[in-house]
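Multiple structures are listed underneath, in structure tokens.
Both of the next two complexes hold chain A, though its partner changes from chain B to chain C.
Let's look at the complex of A and B:
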């Protein structure tokens, strides 16, 4: 265990004002707190953390950010993604920037405190039920320390997407925030959700987020997750979705930011004929480190899952991919496909990839594939021989590599933003 | 698939064909392990000082290690103090000089296994057998013919006596005594094994082969094999094993080291058919093996081919260290688990030199309640320019209580490298069987055809002598379901 002596500081700095909370929530927090105190920050000796060291997080003295950081984000492009949004600045809900709270367009949006009054039975059943804190020390940390959670409940077919935006400002002392998001999509309901994390340039904080999603029978959720933290920040995220009979869940993740990012995504196909899609594009350069751990857990028959994680790496960046497909004993007729292609743009980049299949049913179709390589020299030559400059040719090919994922983003404003951000990042990468 | 279920039941009920115990006096050490036991083993074998030192170093290191638990296998805890670490068939005075002097009981054992040693010696120069019965080699054939070419092919004990300089130079250079728990244990207590040295520029004219066999009760078998191919040499080595039926679990922790110098080639083939335990998972061999080859020189090549059908637990990762530029590593494997068998097997390909290439083809077949895991690593280091790897891992499931798992570890640090990994898991398609039946082929024959086709890529890599045995073994292992 690394630097367990830092724990009390972190736990006391963020552990205030819980008296008003209901007993079940206080119990939950206490359990999570005990568990985190007993396991501590994960060491790289653990298989799950083998290639990712969180020593930098464990040795930093985090404090809550001072209030009043909102002004710095005036005119931020992410504020225009969706008309209906919840905006958190340094972990605090900014009611002025947020719009569309309450119940309309088939969706109830609010905080946990509001939900306790209006959606009481929902919150207790949803909160912390499917994050296994023993294997996820950071999820336990979030449960112990989150301030207020966001609750979204879709009970009809929502026409407009909802954006949950987290902004981190640059602070004197590194700041930490613990965003928590609970999503319930009721039977037959439909929802598009954008969850995003942006940081001011130079912000050195920690974002430790947990998102729990429940998709009921025949319901559908399209989830876009953007991680654009500052290049000095640390991001540890957990996203867990459970999908019931004939439910559909799709996640489109984009990891472009943070000095160190680790995201654990789990989707459990918990009803017959459910369907999951996990897509992710990570583009990292300099000394960025991105680690994605995913699990697609087929618990019931006739489930379909598709997973495409694509990586583009430059400079001394590192990427870790650990993707597991588990097919449980009775999940017959499962069809699961996973792929993890990686593009190494320059020397010095490093990829660890571990696509894993764990299969206990016999009548299944499961495949996985992983590739690592550089740009195809023949394709480059083909373009250059037709008068296209080498940088432009390179960008065309890389754009082509990423297009599959960019094109699938279901919210147009976000898709346009991503196209531009992708182009800018690509231009900044210098290849020999 | 009613027929298939029936067949699988038959298959589960089959008895181990090779289960019997040969009754001969064994000169064994009492159970237990401490420095005195290590010294006793070394003394019994009349080893030079450097060997004893090496064993003791390994033993001291082993005591500081803990048993690994990361493999996807389950077994009751092993009491290392309850195992007898040395067992040799009793010799009357000198060791046997020819086959005629070999204990007839032993010869019968081999006959039951279908390896008529006598016949083999007569069968002009096809296969040389360095037969290992428990821990001491009792007969080595064709040695003279090989001797004329300068090839050393003998038991490890003999090599220690007659070629100590070669043993000292290469022992532990690929699998150091600190490598892992089981390799360290082996280094401390290994009893015997095979030693091959092929001198510069010599192409070994025949397939070299060893038949392993575990006999005396409660004796862990700790084989040590070392094969060195000097510059420009080439050799093909076969290893096959069967073991008698027994109710206690037996530990087998072997180490195999291969060294290929400049332009050398080594091909190592294994058919493993040790006692897998009965249908309730009782008994069976624990096969915890460390196998590794080093392509030390330029343009060298090491190729592993294995057919694993036996053992209660298989824990085995034949690996290649591709150190020399342009060196090639290959791994072809068929692993079958049935009843309660568990296999966690795969390979490691470590690319260090430039233009190194590796190929991995792994076929896993699970039946009954068998758990079959492929675990492999491909590591391409910074200096390995233009390294190339292709991996393919396919699993086939026969029955709804078995499991197939794939855990590849891929680490690439060089942008000019190309790495491809593919894996698939599926059952035999009902439509495939229907297609065959429609054309007058019975369901059993169809399954047989499909399984054989599934494994063809690997069998193709086996030497002729082994390909036949491998197909036969697979047939026995899937008896009933494949007709």
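Let's look at the complex of A and C:
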């Protein structure tokens, strides 16, 4: 309950143009607003927030960014990731940079406003059903304040990936945006989705995003999530996927940016024999702080989940990993594996890691492991003894550490971008 | 090529090498034998430049240069190669990528151009045959999931690719069955030539039946206490290290 004085400012600054919205949505927003007004920004006294302080967000006076930010992003590499893309600049859809809205290749893509006409049932059934305002204060904030949401519905096997790109400008007054994404993958359908967040250098804003995903019977979604915000920005994300019988959901997340990032990712195995993968690579330096809270919720039998969160930390960077695995009473024959290896490049870096297992079924396989270590001196010597210089040897080992995550990225253009971005970041990191 | 004089080295303040003198000329194969703890692996590590070992006295001259003054990677670029007793597993880095980086580092140092992908592939495929290594090994991560024999073959493969002037084989035979030993030895023998010197460090005489040395040295308590031809190895095999230890003890009495 801290810093609630400035809440009305935030809520009025971002609350406009709601009169044309349907009653159910206005009700939902009001609930969310009430919720946020009652709980406020989370205090670090709360267990879920004890290692991450959002005081800097709570004390900042955010305003919507002025229109016209698109020009600064001409030639941005992320614009070339996918031929089909929705591009939001400072939270506003840029129709000139976006391509492939509408229904084609087995996928309907559009905004919430468009979906209300063409996909009415979908939006009402999906919006805020997965990430309820009560689940987290920032989810409530997003629900109260999101401008226009993105809706994606795959009804066939899509050949081309779809990119939802968020670009944040550098503004005089810190700006905030509230991206909202709804994804429905119908039974038997397949989709590759890239969701990304980039910021202009020096941008100090806040991105508060929510993504709600539904994967139906025997459907598959490969979700790539790139968090490449500016080093001065704050990023708080909530992502929730519910997976039905024999459905497959994989998330490949990369947290390289932001001064402070907090992402809560939940995958619920809600049908028999469903399969979830949560992968993440976080690479942070200077005074960056990255906090990942994940939940794999096994509700039905024969579910498989794999979770690999790997961290590379340099300078005085901080990382938090809280990995919850819940195996409900009915979820017999669950097979869940979680790992959180961390590589510290310097003495000043710090990791808080915590597995959290709640197992109510009795016939399950559930393993977890976390490690925090430095580069292996013997491996360094091995590479050097073959003529490889110490910097190259170091980079080779760190690249090797990250390889399994980089190699699994299912969209080639993104994989290549990540490979290069990773190399550049590594070159800039000094080993103390 | 290699001239070691009165070499003393310690690890964590514990003296291990206590005055090694050893000269190896191009084309020669020398074997160093000795019981556990005699300092065999320390000698190999000091030559390759492993930094836990502190040299407290003496010198190593390699091709007219002060070897002890060089970083491990510079030693390798100058043609020193160590086949590890325990090769390291490196996840996420393929053998192929590793060898390309290593070979190009060595070539750049020699003032040669980097090898292009086609030439490199042809070269490694040819070298892999020397140790009967399947091409699929090249794509696998360095030593990850390799058997003991595969790891040792991989060491000799790397030696073949990098074409060193001085190869130090640190217990390359340990843990190998007879078939693997034969493959590894055949590989080393194929790489013997008049320009290359090889220092074979072993605990067992058996290896020297396959890699026949020009000279054999017995290392005991950080010193070379006896040198001879290959018959010395046979004598050791017959009488055991106890014989040498006894002689050494008597000599100091």
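Basically, the second predicted complex is superposed on the first by the 430 of 432 C-alpha atoms of A that agree within 3 Å, B and C clash if a C-alpha of one lies under 4 Å from a C-alpha of the other, contacts with A are read in each partner's own complex, and residues count from 1 in each chain.
FYI, contacts are C-beta pairs under 8 Å (C-beta built on N, C-alpha and C of every residue); 3 or more make two chains touch, one makes a residue touch a chain.
These numbers were taken from a predicted model, which means no experiment stands behind them.
**Student:** In the three-chain superposition, say which chain, chain B or chain C, touches more residues of chain A.
**Tutor:** B
**Student:** Quick check on the superposed pair: does A:107 touch chain B, chain C, both, or neither? Answer first, second, both or neither.
**Tutor:** So A:107 meets neither chain B nor chain C here.
**Student:** After lining up the shared chain so the two structures overlap, which partner does A:277 touch, if you call chain B first and chain C second: first, second, both or neither?
**Tutor:** Touch status of A:277: no partner.
**Student:** Examine A:379 and indicate which partner it touches, taking first as chain B and second as chain C; both and neither are also allowed.
**Tutor:** second
**Student:** Which partner does A:369 reach: the first (chain B), the second (chain C), both, or neither?
**Tutor:** Touch status of A:369: first partner only.
**Student:** Figure out whether A:400 sits in contact with chain B (first) or chain C (second), or with both, or with neither.
**Tutor:** A:400 sits against chain C, while chain B stays out of touch.
**Student:** Could you say whether A:388 touches chain B, chain C, both of them, or neither, answering first, second, both or neither?
**Tutor:** second
**Student:** Looking at the overlay, what does A:28 touch: chain B (first), chain C (second), both, or neither?
**Tutor:** Once the two structures are laid over each other on A, A:28 reaches no partner at all.
**Student:** In the overlay, answer first, second, both or neither for which of chain B and chain C A:357 touches.
**Tutor:** A:357: touches chain B, not chain C.
**Student:** State the interface residues of chain A toward chain C in the complex, per the touch definition above.
**Tutor:** By the definition above, chain A touches chain C via 376, 378-379, 381-390, 392-393, 396-397, 399-404.
**Student:** Going by the contact rule set out above, which residues of chain A touch chain B in the complex?
**Tutor:** 47, 329, 332, 342, 344-347, 349-374
**Student:** Which bits of chain C are touching chain A when the two form their complex?
**Tutor:** The touching residues are 48-51, 71-73, 75-77, 81-82, 84, 87-88, 90-93, 97-99, 101-103, 105-106, 109, 141, 158, 162.
**Student:** Please give the residue numbers of chain B that touch chain A in the complex, ascending.
**Tutor:** 70, 395, 397-427
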